[in-house]
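There are structures below to look over.
There are two complexes below, and they share subunit A, which is joined by subunit B in the first and by subunit C in the second.
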Partner chain A sequence: MKRLFPVLLILCIGMFAYAPFLIVNAPYESTMGLVQKIFYFHVAAAMTMFVAAFTCGIASAVFLFGRRPGADRVGFAAAEITVLLGLIVLISGPLWARKAWGVWWQWDARLTSTLVMWLVFQAYLLLRRFGGPGSDKLSAAVAIFGAALVPFVYWSVNMWRTVHPTTSVVPTLDASMRGPLFWCFGAFLCLFLLLLAARTELQERRARLDDLYLALEDS
Partner chain B sequence: MTFLATAALVARKDLLVETRSREVIYTSLLFAISCMLVFAFGLVKEGRVVADAAAAILWITIAFAGTLALGRIFDRERQNETLRALLLAPAPRAAIYVGKLAGVLALLLLVEAIVVPLVVLMFDAPLFRHAGAMLALLLAGSTGYAAVGTLFAAMLARSRSRGALLPVLLYPITVPVIIGGVRGTAALLQPEADMVVARAWLMMLISFDAVFITLSLWTFEPAMTE
Partner chain C sequence: MMLMTFVRAVLVGLLLAAAPAAALAAQPPAQEGFVPVDQLPGAEELPAAPLVAAAYAVAWAAVLIYLFSIWKRLGAVEREIADVARRIEGRGSR
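Our next item is the complex of A and B:
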């Protein structure tokens, strides 16, 4: 992983640097115009957020049932990135929604389930920070529950919304827009891997330092 | 001792402690009533309750009072150092969880037995018109809420700042219970009760219960080890 780090860093910087050019050259969406361009970062960040959350859920399950401390460090790093990407999604989304729907927020299934998921991972981090000893296992359970929760929230809000239907904007994607979107998704994925590697490494070193302190006290 | 006997024993112990002190039931009940009072200020307009507000008041009150009860039940275990004794007992952890869940659920249902008639009286909501469906919604909703709540309250019992962390963990995870309960109840409260919608929500609550009880049984054992 350590040798891969500089490669990922350069790739990530390059992809993010080139992304604005691709986005500028992508065709304008007919009704929304310029604001629609938020889409490329918004959707890419959202897709990466789900990858991060999924990573955290799996790593937590491996930690809890396989008792592998390494998995816990990956889970913790992935949870941090989920919250970070969630923040990007939840800020860029309303900016776009204001222009497209005329409101900052709608209680639609996708929005609500993203918010709930973001809150669950915030709770995970809070628990890590303020929970004291033993919070690693507890937070792993929170991550597993959070992963199981999303389909339920999605279904329930969707159902509540179909009882009271509202108009929604479903983006139908042209091939000329798909290219920049996947480029941005790739950039965000690189960023995710980069941050994941960095934070996991940091956790590893912290754990090693703790072990050294303990060994020093024992000797 | 069989699994169920162990669970029954744990539940019996909790209820016995509670019937002697009555601490949790009194505090959560009074808290529930104060909750309804606060909602009345926001959701009653010119003497009339805002549409669907009664359903929301009922379920939010249950959720808030439930958090209070959950925190207190496990605080008691921690103060008397009995949680460790319980975990040291040569019994399957899952049985201890089921016993705790039964105890919490019994208390929650007791609180509901008083809150539901109060909502009927104070907010003029015909909750008893479809008593069977309402009871099923309450049972399914409370089971899901208590299942997740018992797991997290038990795990938080030994950690710092548990009072602040329990609601932060519990509310996002039990959002489907709140949505299902509120929408299902609102469907029943309509002038023409919408049984199809209510049944759909009931099914959602039951499947939520099944998934989350399974997950809880599964995670309780590894998460509660020292």
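Our next item is the complex of A and C:
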């Protein structure tokens, strides 16, 4: 991953730098007009948030059942990034909704389940910070539940009546809009991998610091 | 240190409690009874550009603040590692 870091960094900067040109040149949606342009970051961030939540859940399961401390570091890093991406989704969504629906927020299934999932990952982080000894295992269990919520959040728009568009929007998207969306998704994926690498490195250094403190006590 | 941790915990708690409350407050008031059509407010003309700009600005600000926090934390851990390593070396040379 460390060797890939510079390549990913250049790729990420390049993709994010070119994204505005693609977004500006994408056609206006017929009913929403300009405000629909939020879609390209909102949906890309949401898709990457799902990837981050799954990464956190899988890494936490590997840590719980395989007793690998390295997996715990990846899980912790992914949980923080899930919260960051969730924040982007939960702020950009209402900004779009205000114009498209006339309200900032609706307690519909998609919005509420996304908020609940975000709060679950917040709970993970709070547990890690204030949970004391053994909080790594407790939070890993919370992360598995958080990741299990992802399919519910995704399918919520098809299972319940919601004001939020259904999952059929992206597969049936016009090619002129699909290109910019997947470009942004690629950019967010690169960003996720970069942040994951940097944040995991921080956890590894903290583990090294703990080892050094133990060595100091023994010396 | 304990006080700071407590203050941070309270702030995080307040933030978490405020999120649903703020969302609830953003709901339009429920309509009491029937309203004749000629008493409806005029159609709301909200400009889209500030909303689009705000959405992209928030995304960038969140990412940049997070990157800055990782950089700060990495620096702090590095300094602490160097300090502890120096103390171990000092004890070893005695």
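Note that the second predicted complex is superposed on the first by the 195 of 219 C-alpha atoms of A that agree within 3 Å, B and C clash if a C-alpha of one lies under 4 Å from a C-alpha of the other, contacts with A are read in each partner's own complex, and residues count from 1 in each chain.
As a working rule, contacts are C-beta pairs under 8 Å (C-beta built on N, C-alpha and C of every residue); 3 or more make two chains touch, one makes a residue touch a chain.
Everything numeric in this text was worked out from a predicted model, so none of it was measured.
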First (subunit B), second (subunit C), both or neither touched by A:127: first
Which of subunit B and subunit C A:35 touches, first, second, both or neither: second
Touching partner for A:157 - first (subunit B), second (subunit C), both, neither: first
First, second, both or neither for A:205, with subunit B first and subunit C second: second
Touched subunit A residues, subunit B compared with subunit C: C
First (subunit B), second (subunit C), both or neither touched by A:181: neither
Touched partner set for A:119, first subunit B, second subunit C, both or neither: both
Which of subunit B and subunit C A:142 touches, first, second, both or neither: first
Touched partner set for A:191, first subunit B, second subunit C, both or neither: second
Footprint overlap on subunit A, comparing subunit B with subunit C: 119, 122, 126, 130
List of subunit C residues in touch with subunit A within their complex: 5, 9, 12, 16, 19-20, 23-24, 26-28, 44, 46, 48-49, 51-52, 54-56, 58-59, 62-63, 66-67, 70, 73-74, 77-78, 80-81, 84-85, 87-88, 91-92
Partner subunit A, residues of subunit B touching it in the complex: 148, 151-152, 155-156, 158-161, 164-165, 168-169, 171-173, 175-176, 179-180, 183, 197, 200-201, 204, 208, 211-212, 215, 219, 222-223, 225-226
Residue numbers on subunit A that touch subunit B, as the complex places them: 64-65, 67, 116, 119-120, 122-123, 126-127, 130-135, 137-138, 140-142, 144-146, 148-149, 152-153, 155-157, 159-160, 163
Footprint of subunit C on subunit A - complex, ascending: 33-35, 37-38, 41-42, 45, 80, 84, 87-88, 91-92, 94-96, 98-99, 102-107, 115, 119, 122, 126, 130, 191, 195, 198-199, 201-202, 205-206, 208-209, 212-213, 215-216, 219
